[in-house]
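Have a look at these structures, which come just after this line.
What follows is subunit A paired twice: with subunit B in the first complex and subunit C in the second.
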Partner chain A sequence: MTFALRTLAFRLLQAAGVALVVGVMSFLMMRAMPGDMAFRIAAARYGYDLASADLAEAVRTELNLDAGPLVLFGQWMADLARLDLGRSMVSGLPVWEEIAHQLGASLQLAAVALGLSLLIGPPLGIYAGLRAGGRFDRALLVAAAALRAVPQFLLGLVLIVVLAVQLRLLPAAGHGDISHLVLPALTLALGLAAASARIARDAMAAFAASPAHAFACTKGLSDGQVLLHHGLRAIAAPLLTYLGLQFVLLAEGVVVVETIFGWPGIGHALIHAVFHRDVPMVQGTALVMGLSFVLLNTLIDLAVRRIDPREVRA
Partner chain B sequence: MTLLQAKDITVRTGAERLLDPVSLTLPAGRAVTVLGESGSGKSLLAQAILGTLPRGLVADGELRVGETKLDPARPQGSRALWGRQIAVLPQEPWLALDPLMTGHYQLAEVFDLVAADPRPGRRAKADLAELGLEGAGGKYPWQLSGGMAQRLAFAAARAGGARITVADEPTKGLDSDRRDDVLALLRRGLEGGGLLTITHDLTLAAGLGGEILVMQGGTVVERGPAERVLTAPEHPYTRALIAADPAHWPRPDPMPETAPLLRAEGFTVARDGRSLFAPLDFTLSPGQILAVAGPSGCGKSSLGNALLGLLPHQGRLWRDPALPKLAFQKLWQDPPAAFPARITLAEGLDDLLARHRIDRVRVAPLLDRLKLSPDLLARRPGAVSGGELQRIALLRALLLDPAVLFADEPTSRLDPVTQALTIRLMVEIGRESGMAMVIVSHDHALLEAISDRVIRLTPI
Partner chain C sequence: MTTRHLGFGLLGALVALALIGPLIEPLGPFKQTLLRALAGPDALAWFGYDHLGRSMFARLSQALRLSLTIAFAATATAAALGIFLGALASWRGGWLDRGLSLLADSVLALPALLMVLMMGVILPSTPLAFWAGLAAVQWIEFFRLTRSVARSQLASPAVEAARLQGFGPVWVFRRILWPEIGPMLRTATAFGVANAIAAIAALGFVSVGMRAPTPELGLMMVELLPSWREAPFALLQPVAACFALLLSLNLIAGGRE
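So, the complex of A and B:
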């Protein structure tokens, strides 16, 4: 119980830290942008052709852009503390509303990608780990290294060219039915699978060489039973821990992949917000991504602790 | 009734034969014990019978388990017997048990999956209770004491219903109390079953009785009933092995108390703010040997290190102020770890001589005294035997004229014959030169045989 409480307390602090950093950075970004902010916001809202000094003035009053920097900073952080992310400078809609809409699409993509990667990576890794040093093990090492070395935007383009353009199996981009999900999810999953295959392989090879494995065999269990009852347990903890780290990769990947495939998720929204200098949206998306990362890692910590309750001593 | 019959078992790697033909029969209710030091081929014999030889080693011969005929050259066939007909006791149970599974499940799964028992949970509970492990079912192996882990592993190994038990070095690294536990467990396995034990432990072999095979260099040099082999050995190697048992060592003359080199009052060592053992009072006079015994983890090594001044202590410790720092020396447990691996022993020794301005002429007589060939020094530490290396470590310490030598399990990694030689030399040199020693060991018989006084640490 104490472990769970300590984890929660630590993660809450971390969440507060994330919010603080995102808030300060967003505010500084807001201030550091060149040109007249009011005018640019007006241009973004109504189009460059329609933007005029009057409209800019209206925006200035609406957003209270004339107050001193300290006052503005105080306001900014106070809003953040109330979880009031304000309105998008582009659409004028509340940031929460926009994010809630996009987050669903992103979570769908991320979950499918993660599930796909777990179907591909760990089984290959386990197979290689059971025959460590064999031909398959070495081939997997090369394949995994190559796959990890390819940047996601390149991998995505290769998949588009091969599967969508040449073979015409799948749509290259868009959002709607399930066929639109396959390419972006696969792009994300291949990178993740390459890494989790290596982790599963190392954990499995270590277990296969351990006295615990030998004893499980001499107790009379078959290879399948040893793997099912002891092997999976042994690799679950390192694999889950690594999954926590992979969320960073996933968040990064979501931004790139959603943009390539036109997937209307939070990464896509982040890029658009950056293009349009829509700082409240940048702040909102960064905050949600950061906090989800903290939340998922908390869950992982607790799950790993359940599988492997040994006290970790420095 | 014969449970297992092995005929002309050999082991080879390529063209080289590692194990000469050995035949043995396991009857029900009578133990068969293979005695020998490491490298004698005794573990190869067990592995050939079990079908667990490392890759690259090939066994040959005839093997019959119950009604089943097996080909040792094709070890895949043995797999089906594991757990069901042959129980294999793991050498180090606390490593062999799955650290991520509670005791109850490790046992119950064997009843479930191997013995196909309809009520595995109930059987596991009953077994745990029978071995005095009622509280261990809900615990993970790393929460158990060494003895409890041993009993749990024993139960799990035999839960598949095997009548034959094979134990390879079951007492390795155990202190005397735990050794008695293992003996009691193995005797249980003997009730109506067959037992093949591989060991270098004479006390265990004597306790098991039955038939003994003595192996040296891959050959059985002597075999016969335990009482006869252990009391009237015929082969010179068997005699050397028995003479090497600390119980048969000649007792050295007691060393009188004189002006002490160090005196401890209310002495203890703390870790994380807690004292490791109850406070001690003792003195150490020149030439005396102080033995420190106690269960593993109770602070034996910490006590010695604190006496040397390597660790902070609690209570009072007086060390003769006339003695220089270098007069307190230490002999480590694992000789190869105490030498730099990539330079020759002579180079290391030269550095020592230069650093402390020691006259080179002292080396030759010491080498002679320690029964070491001067040629050894031209080699690297990896190329000499453990016994020789420990004697070179002793030589290295003796060059500094130590008044107090702390030896931390100095012979626990050595074979019995080598251990006897090394310890005897240490004791003789201590008596000759007046060097006092503090010796830590898990072997009570050894400590009783050589020391002027034994301190038993009681953990708190």
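So, the complex of A and C:
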């Protein structure tokens, strides 16, 4: 119980830290924008055609924009603390509405990619780990290292050129059809699979050399039974922990891959928001990405504890 | 051992190309010869011409120079900052240690590309934004490394004896901490530089990195992608250069212990 509480307390603090970092960066972005802030807000509220000097003046007095930067920073952070992210400067819609719209598409892509990587990576890793030092093990090591050296956008480029342009098997970009999902998901999955294969291989090799493995074999269990009843649990804990840290790479990959393949998710929205200097949207997407990482890692902490309930070192 | 030497050799060759290339080639990265667009190598442009008739050799060597400069500057800054803060946190302990660790954990939740993009809105120049954004993310790795080493070392009898004899924190750092931290830096630095180079190219590729006429690896790839049927060799050059850079750095980093 205390473990769960301690984990939750740490993750809550981390979430607050993420919000603070994003808030400070967003405030600095707001200050760094050219032009008069009152006029920009008036334009965002009432539309560029209707924004006039009078309206800008009204906004200035209403929001107290002539106050010092410290007061303004306090207001900015207070808005953030109330989770009031404001409206997009481009579409005029509330930021939450826009993000709720895009998050679904991103989660779909990320989930398919993650599932695909788990189908590819760990089975290969387990197979290699069972025969550590063998020919397959060494080949996998080299392949995984080479794949890790290829950045995701380059992998996407190669996949587009080979599968979409040369062989005409799949559409290169778009959204809607299930076939549109294959290339972006595969691009993300290959990088993740390389990493998880490596972790699964190390965990499996460690387990295969452990006394627990030897004892299970001595009991007369078949290789399949040993793997199913004892091996998987030993591999799952390190794999899950590592996966938690990989989520930040997944988020980074999502930004790049969505933009390349025209997938209308949160990464795509982020790049567009940066392009248009739409600070409320940048803040919103950054916050959602950071907080998702914290949330997913909280779940993973608790799951790992269930899988491996032994007391962790102090 | 041999793969590491291979990595250093490859990186050395690329650095030499970046340093010497711009000095010895005659055309420069912006000179256009539209009649020779997408043409193969000749006496002036040794790697051929791009879609606007600019020398690929000139652009490639300038792009390597840019990527390597930003990446090394960002990682060096991150290393200095991370080691300093890590040593400080474990030396002082208490709320400073907890605060810095929490800050590190918070920044860890944000993708590096996001940090660079936000810096790009704040800072006026793109290379500066890359440098600041990458350093703002990468210091964490060095911070954690230093902190974990320093915490055990600072509790050792050797440090206690040194303190009793009146040696200050600088002496303890140089004589006791540094010999422990130094050898661990190679892997972290190589991975840091590799990540920085990949980030610069990735953002260039999705058109929010360096701006158009600047020669940059990711930008060159996306510019040459439409004409890859006519000139596959031209597209292959930035791709191969990027891959070779990342491969050499990964070889130098070696396996993760």
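Everything below uses one rule, namely that the second predicted complex is superposed on the first by the 278 of 314 C-alpha atoms of A that agree within 3 Å, B and C clash if a C-alpha of one lies under 4 Å from a C-alpha of the other, contacts with A are read in each partner's own complex, and residues count from 1 in each chain.
As a working rule, a contact is a pair of C-beta atoms (placed from the backbone, for glycine too) under 8 Å apart; a residue touches a chain by one contact, two chains touch by 3 or more.
Keep in mind that this is a model prediction, so the values were computed, not measured.
Taking subunit A as the reference, the larger set of touched residues comes from C, when subunit B and subunit C are compared. In the superposition on chain A, A:His230 makes contact with subunit B only, not with subunit C.
Look at A:Leu50: by the touch rule set out above, it reaches neither subunit B nor subunit C.
Looking at the shared chain after the overlay, A:Ala111 reaches neither subunit B nor subunit C. Residue contacts after overlaying the shared chain place A:Ala212 against subunit B, while subunit C stays out of touching range. Shared-chain residue A:Ala78: touches no atom of subunit B or subunit C. Taken in their complex, subunit C has these residues touching subunit A: 102-103, 105-115, 117-123, 194, 198, 201-202, 205-208, 218, 221, 225, 228, 239, 242-243, 246-247, 250.
Those residues of subunit A that touch subunit C in the complex are listed here as 13-14, 17-18, 20-22, 25-26, 28-29, 32-33, 145-146, 148-154, 157, 161, 248-249, 251-252, 255-256, 259-260, 270-271, 274-275, 277, 279, 282, 286, 289-291, 293-294. The residues of subunit A lying in touch with subunit B in their complex are 210-212, 214-222, 225, 229-230, 233-234, 237, 307-310.
Interface residues of subunit B, counted against subunit A in their complex, comprise 50, 52, 79, 82-84, 87-88, 90-92, 95-101, 109-110, 113-114, 140, 142, 153, 156-157, 159-160, 162.
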